[in-house]
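Should a chain be cited, it is by its letter among A, B, C and D, assigned in written order, with residues numbered from 1 in that chain.
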Amino acid sequence: MANSKYEYVKKFETDDRLPPSSWIVVRIDGCHFHQFSAEHAFEKPNDENALNLMNSCAASMLEQFPDIVFAYGVSDEYSFIWKETTQFYQRRASKLLSLSVSYFTSVYVMKWKEFFPHKELKGPPYFDGRVVCYPRAKIVQDYLAWRQVDCHINNQYNTCFWMLVKSGKTQREAQELLKGTQAKDKNELLFQQFNVNYDKLPQMFRKGSCVYRKKVEEVVKLVDTGNPVTRTRSKVVVEHKDIIGPKFWSELPYILKEE
Amino acid sequence: MANSKYEYVKKFETDDRLPPSSWIVVRIDGCHFHQFSAEHAFEKPNDENALNLMNSCAASMLEQFPDIVFAYGVSDEYSFIWKETTQFYQRRASKLLSLSVSYFTSVYVMKWKEFFPHKELKGPPYFDGRVVCYPRAKIVQDYLAWRQVDCHINNQYNTCFWMLVKSGKTQREAQELLKGTQAKDKNELLFQQFNVNYDKLPQMFRKGSCVYRKKVEEVVKLVDTGNPVTRTRSKVVVEHKDIIGPKFWSELPYILKEE
Amino acid sequence: MANSKYEYVKKFETDDRLPPSSWIVVRIDGCHFHQFSAEHAFEKPNDENALNLMNSCAASMLEQFPDIVFAYGVSDEYSFIWKETTQFYQRRASKLLSLSVSYFTSVYVMKWKEFFPHKELKGPPYFDGRVVCYPRAKIVQDYLAWRQVDCHINNQYNTCFWMLVKSGKTQREAQELLKGTQAKDKNELLFQQFNVNYDKLPQMFRKGSCVYRKKVEEVVKLVDTGNPVTRTRSKVVVEHKDIIGPKFWSELPYILKEE
Amino acid sequence: MANSKYEYVKKFETDDRLPPSSWIVVRIDGCHFHQFSAEHAFEKPNDENALNLMNSCAASMLEQFPDIVFAYGVSDEYSFIWKETTQFYQRRASKLLSLSVSYFTSVYVMKWKEFFPHKELKGPPYFDGRVVCYPRAKIVQDYLAWRQVDCHINNQYNTCFWMLVKSGKTQREAQELLKGTQAKDKNELLFQQFNVNYDKLPQMFRKGSCVYRKKVEEVVKLVDTGNPVTRTRSKVVVEHKDIIGPKFWSELPYILKEE
């Protein structure tokens, strides 16, 4: 029983290989996470466990897929930067997208218990995703700056909003109070009304999370003389740093190195 | 702090809306499932629990996404047919693909314990996926026939192969013995050497699994006279039928109805 | 001197083959023809010679490319319908588009003198183009109906507009007078003010032009008895018919026949 | 008569805007020019008039489309480099392609008489085309080097081939003689048998043609003292230079300047 009669249907598949010499960004985003976070009683505006779970999944991604050179996460979204020369699955967009989002989802569910030992999953968490190509490292930096600026704007707003709500305002009242306020006004509000210095809030909330490989010196053994023998190893780290300015990138030029 | 300076990076996103009046097929496929099934000691050639888990996930997909009108699964792959007129996420390919594969994966991990109560997941199962458009219902039927013929060819081969291996042959010997054999030869081999009538093996193994909505009569209540009051309800069912011939489709014309 | 060092640049080319089983429409459109028609003093609202030149070029297209089954033209635009099964240049969109627009342009310039023997070309006429796929013949008919309705709306407006201008109104006055008028109002205006019965104007102006192959009986020779020997031949014709209603298509079912 | 009923067909059009920050190459290529050049008795291996006509058309392209920054031509093909930041027709691929190929074709037919005053066009010359995006200036240079290397390889072969044919060999014999020969062998053959120094052949044949804008000093007027008043003007020039090495590009850095 040959299958040739029906194989013509394969001709409808399209070639979706992404252009060479482009950085590939896969950004995934929690689907209906507003509802999901309510169902699972996430802390507002930031649930540390939920963020740590996201970061842990992102770190697993870098362990699993060596061609991801950097990841940046905030709230329920994460961006993965694949190196410009990756030949993973011939750069086919649908493969890169589906594998990334599926692996991330799988790890998220598997690790849930580790970060929420006392909460059962009430429904399947899931994510959507998209793929975007950027022709130059400089533009990838701008992409990441765009996400971090967004993190800042949203977090500052959300911090004010939930402070107001927790202090007794209705959500509508809080919304009204914040309408049209500038960054400075919000900082002022936090300080005056709640004695909160925004800049002292945890870095993870204000800066989001960066995941990448860092070269670390590792002690392999101590020789008889007591001197340590070390070797350089690449280790996936999660940090909360400014990636808008040039400092981060100039200190770690290998991350977005163009060939 | 406005975000306008970096927002230009959004212009690199492409419009990936699929053409109107086309049936959309999302096919997902287990990634490295050869290894995954070995690690988790799946029965060979078919693990009933593993297949039932796949089918259960597929049924969840139809419950979650009303615009999926049909799903067909075999081994570690599943095809989902979205109706030609769906406007889900504006028919954006990356959304349909990522949501499908992510939701399926999430349910797979969550339901694992239900189908494998005595096995721990040793690593994250994950899937890749692709999206293909078909302009006519007739071609969608041919697509599904293509998958079912494939199911048949593979299952017959695998049944012989694992019978031989279980009877003491090495995998290489089994491979050699089957090289060049026709369907008839394989049936003969099963019957002569192992007293197995291929056609009597479970339908699920030989035909794969179809998931779709069926109109069922449901008893709502019994009235005083003892007569039942019924109503018609749409229920997601999993069946193992021939979908190559015209019979299935002519009996259920609403599934692939064109507008 | 091998060329291998630079051949990597070919990898940046994308596969632009159009999906199988789709009708392909290439629509070309005069570029800056408002200016071009002014420079060459085209009659307003319709220049018969200019339209006949367009039609002659379209007929040449059908002679040159056997897989074009139908063409419809109005003003400085022409749509060419390639049959759904064409394998011309593997259905590559850029090939179909560029060849169509280039051949049409070439013939347009070459035939100019035939239709405008007393006018020199003052600058290069040129066209842009686009490619659109339609999955079913019925939608191709709707596409063509869309163009013919457009032809009607524009022609009726332009007829009124230029009548008013020729009668002494400024272009702005004419525009103002026509603002908000319905089809009926325009017919009335033409009849009352200019004694013109719109329905009696040339079909070519009101209906646009259809180009297709017609089966004709041709006398090959006269035999001794004086009886003609005929054979059926396919001949490219230009006609000005209604293609919105079903009549045209039901009389010539072979034109958009689906396989 | 509203057109709304049929306007849904517009939804089948796809968004074909090319990604930002990419150089756009439109390459056009003579269609059936083997036959066309035979019909019009072009000189072999190079017809100077035919090449000059091509170059003149390319120069017109740069006059017409300011965003084309460079063009390179050889034989019946021409590549046009659009600057990376062009917003011409919103970077829509089909517009850029169709306009380029149509304008080139139109000028080709119009200028034919100028370059072939004693030859009538026997049929419409036409071109196909394609669009390719390159993310960096360096890769555009490699693209152009690829075309010039090709020019060299083909021209050397063709020069030998036609020398042999003109000296009495059949085309098949010439082909056989050249099979497997290296560049050095071909130079030797030309010198030994035909006393031709390949490097002394016209630059246009060996290097192809570059078309670009050059800043030139222009005498505007002579003042009373007899001193000329000059101004800098941008002028489209046609030259035949090496563009494989870095020299050309380092002398004219503005041509492929990245932003």
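As a convention for this text, contacts are C-beta pairs under 8 Å (C-beta built on N, C-alpha and C of every residue); 3 or more make two chains touch, one makes a residue touch a chain.
The structure displayed is predicted, hence computed values, not measured ones.
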* Each chain counted as touching chain A and chain B at once -> C, D
* Have a look at where chain A meets chain D and say same if over half of the interface residue numbers show up on both copies, different if under half do. => same
* Structure fact -> If chain centres are mean C-alpha positions, then the most distant from chain C is chain A
* Asked: Count the touching C-beta pairs: is B-C or C-D ahead?
  -> C-D
* Structure fact -> Expressed in whole Å, how far the mean CA point of chain A lies from that of chain C is 53
* To do: Averaged over CA atoms, how far is the centre of chain B from the centre of chain C? Could you give it in whole Å?
  => 47
* Structure fact -> Taking each chain's centre as the mean of its CA atoms, chain C sits from chain D at a distance in Å of 31
* Mark out which residues of chain A touch at least two other chains, giving numbers and ranges. => 8, 12, 14, 19, 21, 133, 139
* Structure fact -> Residue set of chain D touching chain A in the complex reads 19, 21-22, 133, 135-136, 139
* **Residues of chain A defined as touching chain B within the complex** => 1, 3, 6-10, 12-14, 28, 31, 60, 89, 93-95, 97-99, 101-110, 121, 124-134, 139, 142-143, 145-146, 149-150, 152-153, 183
* Asked: For the complex, which residues does chain C have touching chain A?
  -> 8, 11-12, 14-15, 17, 19-21
